[in-house]
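Each remark here refers to the structure printed beneath this line.
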Amino acid sequence: MEVPSAVLRDLVAEATGQRAFRCYQCGNCSAGCPMAGKGDMLPHLVFRLLQLGDDSPVRSIQPWLCVGCQTCAVRCPQDLDLSLVMDALRAEAMRRGTVPDEAKRIAAFNKIFLEQILDGGRLSEVQLGAIYNLRTLAPFQNLTSVPALLRRGKIRIGGKAVRGPGAARRGGGKP
Amino acid sequence: MSRIGVFVCHCGENIGRTVDCARVAEAVRSLPGVRHSVDYKYMCSDPGQNMIRQAIQEQKLDGVVVAACSPAMHEPTFRRAAANEGLNPFRCEMVNAREHCSWVHENREEATEKAIDLVRMMIEKVKRNENLYPIQVPITRRALVVGGGIAGIQAALDLANAGISTVLVEKEPSIGGHMSQLSETFPTLDCSQCILTPRMVEVAQHPLITLHTYSEVEKVDGYIGNFKVTVRKRARYVDMSKCTGCGVCQQKCPSKKIPSTFDAGLGMRPAIYVPFPQAVPNKPVIDRDNCTYFKNGKCGVCKKLCGPQAIDFEQVDELVVEQVGAVILATGYSLYDIGVQQESLRGYPEYGGGKIADVIDGLQFERLASASGPTGGEIRRPSDGKIPETVVFLQCIGSRDSAKGIEYCSKICCMYTAKHALLYKHKVHHGKAVVFYMDVRATGKGYDEFVRRAVEEDEVLYVRGRVSRLYEDKGQIVVSGVDTLSMKPMEIRADMVVLATAIRPQPGANRLAQLFGVGYDKHAFYSEAHPKLRPVESAAAGVYLAGACQAPKDIPEAVAQASAAAAKVAVLFSRDVLEREPIVAKVMEAICAGCFACKEVCPYGAVEVQEIRDREGRMLRRVARVNAGVCNGCGTCQATCPSKSIELAGYTDEQIFAQIGALVP
Amino acid sequence: MSAYAYFPGCSLHATAREYDESIRAVADALKIGLNEIEDWCCCGATPAHALDPRSAQILGLWNLAHASKGQAGPVLTGCASCFSRLRAVKNEIQEREEHIRGAREALGLDIDPRLEILHVAQVLAGEEIREEIKARLSHPLKGLRVACYYGCLLTRPRGAGAVDDVEAPRILEDLVELVGAEAVDWPLRLDCCGASMAMPRPDLVRELSGKILMMAHERGAKVLMVACPLCHSNLDFQQEAILRELGQSFRIPVLYLTQLVGLALGIDPGRLGLGRHFVPVPVRELVPAEGASCV
C-alpha cells in the first residue's frame, strides 16, 4: 500500500527530530560518506526526496549501506544527522515490506543479529555466522576461517543468557 | 480653565468602519475643559488641518487632541498646523485610534467605547501639557573617522572636501586597509592599488585631514556635537618630522625574516618596516617585539645609518585628545581563521586546520597574484615555489554554517573566487581551476556576467557541492567533494587549495563599539539604526557607520556607505546648533537624594553627577543631572527613581496619573 | 585505587578476546579495579538502532541500569560501538526524554542518569593514570612508528560525553607518545573501515579497510593501533585477503591500544593475547631490548 508522501517526511521528523527542510543540499554528507556512489542514490538526495514528498528512499538500497559512521552528522553545516534518518528509513522499509533485493543480505544480517540479541542477550558471533549463512543460502561462506578462529581461542560456545531485555522488548512487562 | 479642541478622524474607512467617530466627538464635547469637538473624514488633509487652525484661532484653544492614526505618521503634521497658528506644538497630542483601536478590534460598540476612553485620557493629559521648546546643543564642526580602509578614506575625503576638518585614525602603520592587499578588483579587474593609492595620497595631502596612523581610539567622552576622543598614537620609534622615507633603514635591518601581515604571512619583512611600498605615510615603524635592539640591546644599525637622525628608541606612545562633533566608524573586516578556535567557532581541521602550507585563504591568494607580492605576481605554491597545475577553490568556508561556523553569507566570496579562478587561468593557461560551490551570489552590476565569463571563456569548472575534507598526500592535496548536479562523488588531487573563508569584523570591534555606545550583534558587526531606512546611522547619536564593520560588503557598497555617512555628518553640521526634541528628563535637584539609580539604568549615558557646592566651594552634596543633549526621552529614569525627583518633560507623573484617573471611574 | 564497572561487550568475550585480556592485564598493572557488570547484555551495536530503535533504547537502558547497581563506579568499555551506544542512550535520556520514556517504562528499572560512560582510551588519558604509566614504563617503545586509527565511533558524534575533538583528536597519539613510541601523521585515521558490512558486504570492507592499510603503510607505520574490536577484525582478520587482492606483500600488525601500552609496561605478550592475532605480531621487533628505565 502506498502511503501519501508528506507522511514519510513527517514520520522521519517525528522519529528522529531531523527536519528535512533544513537541508540546503550542499552535498557535504555525500562528499564524506564512505558509501557514496556504492548504492543507487547519493546520501544528500535522500533529504531532497523527502523535501519533495517523494518516498523512493524507502525503496532504495542507500539506507541499507549506511554503517552509522556519523561523518555526515559531524560535518553537516545545518547540524542535521542523516544517519538517524537512514535508521528510520530502514525501519520504515521493513514495516512496508519495500526492502530492495540488493539489500536483502544486509537486512538479513542485521535481523538475525538483532533476533539473537533479543533472544539470548549476548551475541555468539559463530552462531550469527552460521545462521546468516543458512538464511542467505551460502552455507560454506567463511567456513575456512572457523578452524583459524578456534585455534586462536576466538570462538565461545555457550555462555550466559540474559533474557530480560528481550522480554521487555516483546512487551512482557518487567523482567 | 483649559480650552481643549478635539478632532476625531475617520481616516477614510480605516477608523470610521469600526469606530463611531461622531459618537466619540459627541461623548467628549461636554467634558470640563473641552471647547470644541468635531469629527472629520481626513484630518491630515488640507481642509482637515485648516479645521484645526481655524478652531485654534476662533476658540482660542490652548490644547489640541487629534484622534487619528499613529503619531509616528502624523504627529509632525498636526504639530506644524498648531505651531502655524501660534500654539506651542507640544500642546498638540495625538490619540492613536487606528493602530491601537480600530485596526485591532472588531466589535464596533466596544471599539467606540475604547476610543472614547483614549480621548478622555488624552484630554486630561493635554490639560497639563506645558509649552516646550527644542533644545539647542552646540556643535563642534570637526569629524572623526575611525579606520583608514577604502570606506574610511572615502568618508574622510568627502568630509574634508565639504570643508569639514577631519581626523582619520588608523591602527596599522599605513592607511589603505584590505583593499591595498588586493591584486585586482571585480568585476573590472582594475588594479586595486592603482585606484586606491591616489585616494590615499589625497588623504595625506588634504589640508583639512589630520592623519593619525599606528593609532587607536582609547577613550571616548561626550555626546553628539561634543565628543572628546582620546587617541593613542603608538610609538613608531621614528621621528616623523625628520624621516624622509628613504628606506635605507629597511634595507639594512638585519632582522629580515618576520612574517609580513600585509603579505598575509606569505612574505617577510624587516623589523623596521613600511607595510608596502606605496604606504601612506611612507615612513617606517619599528616592530618592537621583533627588533634586536629592543630585545637585547644590540644592533641599532638603522639609527647609525639614518641620515636625518630620525630613529628615536626613546619614543613613547602619545595620547592626543580630539574634539569632534561626529564620528564615523569604518573599521572594516577580518577573515575567519580556520585553525584558531575562536569563541564558539570551531575552526576546520577537516580542511587542514591552517597547517597545510598549500591550503591558503583569499587574502593570501591576492598576495600571490599581486605584482608587488612575495612571488612577483606568479601563482606559486607556498610549500615549494612550484607553479600549481590544478587549483581547487572552496566556497563558503565558515559562512552559511550554523553548525561550526557562522550562519550568515559573507557576500563577496562568490565574486572574488570567480576572480581568483579567472586570474589563475590567465596566468597559468594550461592550469585547471575547479570551484566547489553551493550557490553563486553575483548580484551587483556586471557581477553575473563576470562569473559567466569565468565559466564560459576561462573554462573554470564549477562543481556544485561541498568538500567533506582534504589531506596532503605525496606533495599534493587530495580533495574529497561531490557534484550534486550529476550525483557524482569527486575526489581531486590538487596542487593548491584556496578557501573562501568567512568575513568577520576586526578583532576588538566590540570594544570599540562599547567606547562609542554603538550597538553590535552577536558577531560584533555594528548595528545600524534601522536595517532598511537608516543604514549608516547607529543608535548612538552622532556616530555613523560605513563599510564592512556594519556587515560584509564589497567595495562599491563600502564607498557608497562612506559617502552616505559623510553626508549625514554634513547634514548634522549644516546648522550651527543642534536642535533636539524637548522630551527629555529633568532632575528636581532639591529633592534628589543622589542615589544615581537613574544613572545606572540610563541606556544612553545621559545622566551625569553634579556637585552642589556652597559659596566657599565646599561640597554639599551630589545630585543627578540630565544632559539634555544625550537624553532620548525613554523615561526609564523616571520609572526607577525612588524619590520621584526625575521626570520626563511632557510625561510627568501628574500627567500620567491624570490619564489613569480619567480611565478609572 | 580507581574502580570501574567493566562492560566488555559481546566481541570481547569471543572474537576480540585479546582485547579483553589486555584490558585486564593493563588494569591490573596500573591498579585499576574492574568489576564486570553482572548480567550485561549486548549493546545492540549496529542492528538494533539500524532496524528497531526501540530495542536499541531497551538494550542501552538495561545496561545502564545494571551498571548503576552497586555503585561500582563509572562504566568502562573497550569497544567503541558499545561506548557509542551507551553514550547515545544516556544522551537520549537527557536530551530527548519524551522519546525514550516508553522504553524506560517498559523496562521498569532504576537508572542513575549521571553515570559516566568511559572508553578505556579516556581512562588511560587521565592525569593520574598517565603518571602511573610513566612510573611503570619499563620498555619505552622508542623508534616504533605507530599509526593511530580512531575509526568512527570513538570520537563521533560531538556533544555530551565525547572523547576528544571530532576532527582533530589527539588522545591516541598522546598515549602513543606517552609510552615512548612515535605517532605517525596520516590522513585516514578517522575514516570508516566498513564496520558491520564485514559479513553481508565484505567487498566494501575490503575497499575501505584496504585504503587504511595502504595509507598507514605508505606513511611508514610499523603498527596500526586501534580502539575497537570491529575495526580490529576488519583490519587484522581480513588483512591477508585484502592485501593479497591488492598485490601487496607487506603486512602490518594491528594492535589494540591496551596491548601497546601493555608491551611498554613490560607485561608478557601472552597475557596481552598477542598470539591470537591473524597478522603476526613480531614482538621482538616492536619492543626494544631490556635496559630501559625500570621502576
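Going in written order, the chains are labelled A, B and C, and every chain counts its residues from 1.
Quick note on the criterion: a residue touches a chain if its C-beta (ideal position, glycine included) is under 8 Å from a C-beta of that chain, and two chains touch if they have at least 3 such contacts.
Small disclaimer: the values here were computed from a predicted structure and weren't measured.
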item: Result of counting contacting C-beta pairs for A-C and B-C, higher pair; value: A-C
item: Most central chain, judged by mean C-alpha position against the global CA mean; value: B
item: Between chain C and chain B, distance of the C-alpha-averaged centres to the nearest whole Å; value: 52
item: Where chain A and chain C are represented by their mean Cα positions, the distance between them in whole Å; value: 22
item: Contacts with two or more other chains, residues of chain A listed in rising order; value: 71
item: Two or more partner chains touched - positions in chain B; value: 350
item: Contacts with two or more other chains, residues of chain C listed in rising order; value: 167
item: Chain A residues touching chain C - in the complex, by the definition given at the top; value: 15, 17, 34-35, 38, 65-71, 73-74, 81, 87-88, 90-91, 94, 105-111, 113-114, 117-118, 121-126, 128-129, 132, 142, 145, 148-149, 152-156, 159-160, 162, 164-165, 168-169, 171, 173-175
item: List of chain A residues in touch with chain B within their complex; value: 24-32, 36-37, 41-42, 44-45, 71, 75-79
item: Chain B to chain A touching residues, read off their complex; value: 350, 396, 400-405, 438, 464-469, 480-484, 487-490
item: Complex interface listing, chain B residues touching chain C; value: 346, 348-350, 353, 471-473, 478
item: Parts of chain C lying in touch with chain A, wherever the complex brings them together; value: 10-11, 13-17, 39-42, 44-55, 58-59, 62, 96, 99, 106-108, 152-153, 156-158, 166-167, 190-192, 194-197, 199-201, 204, 208, 237, 275-278
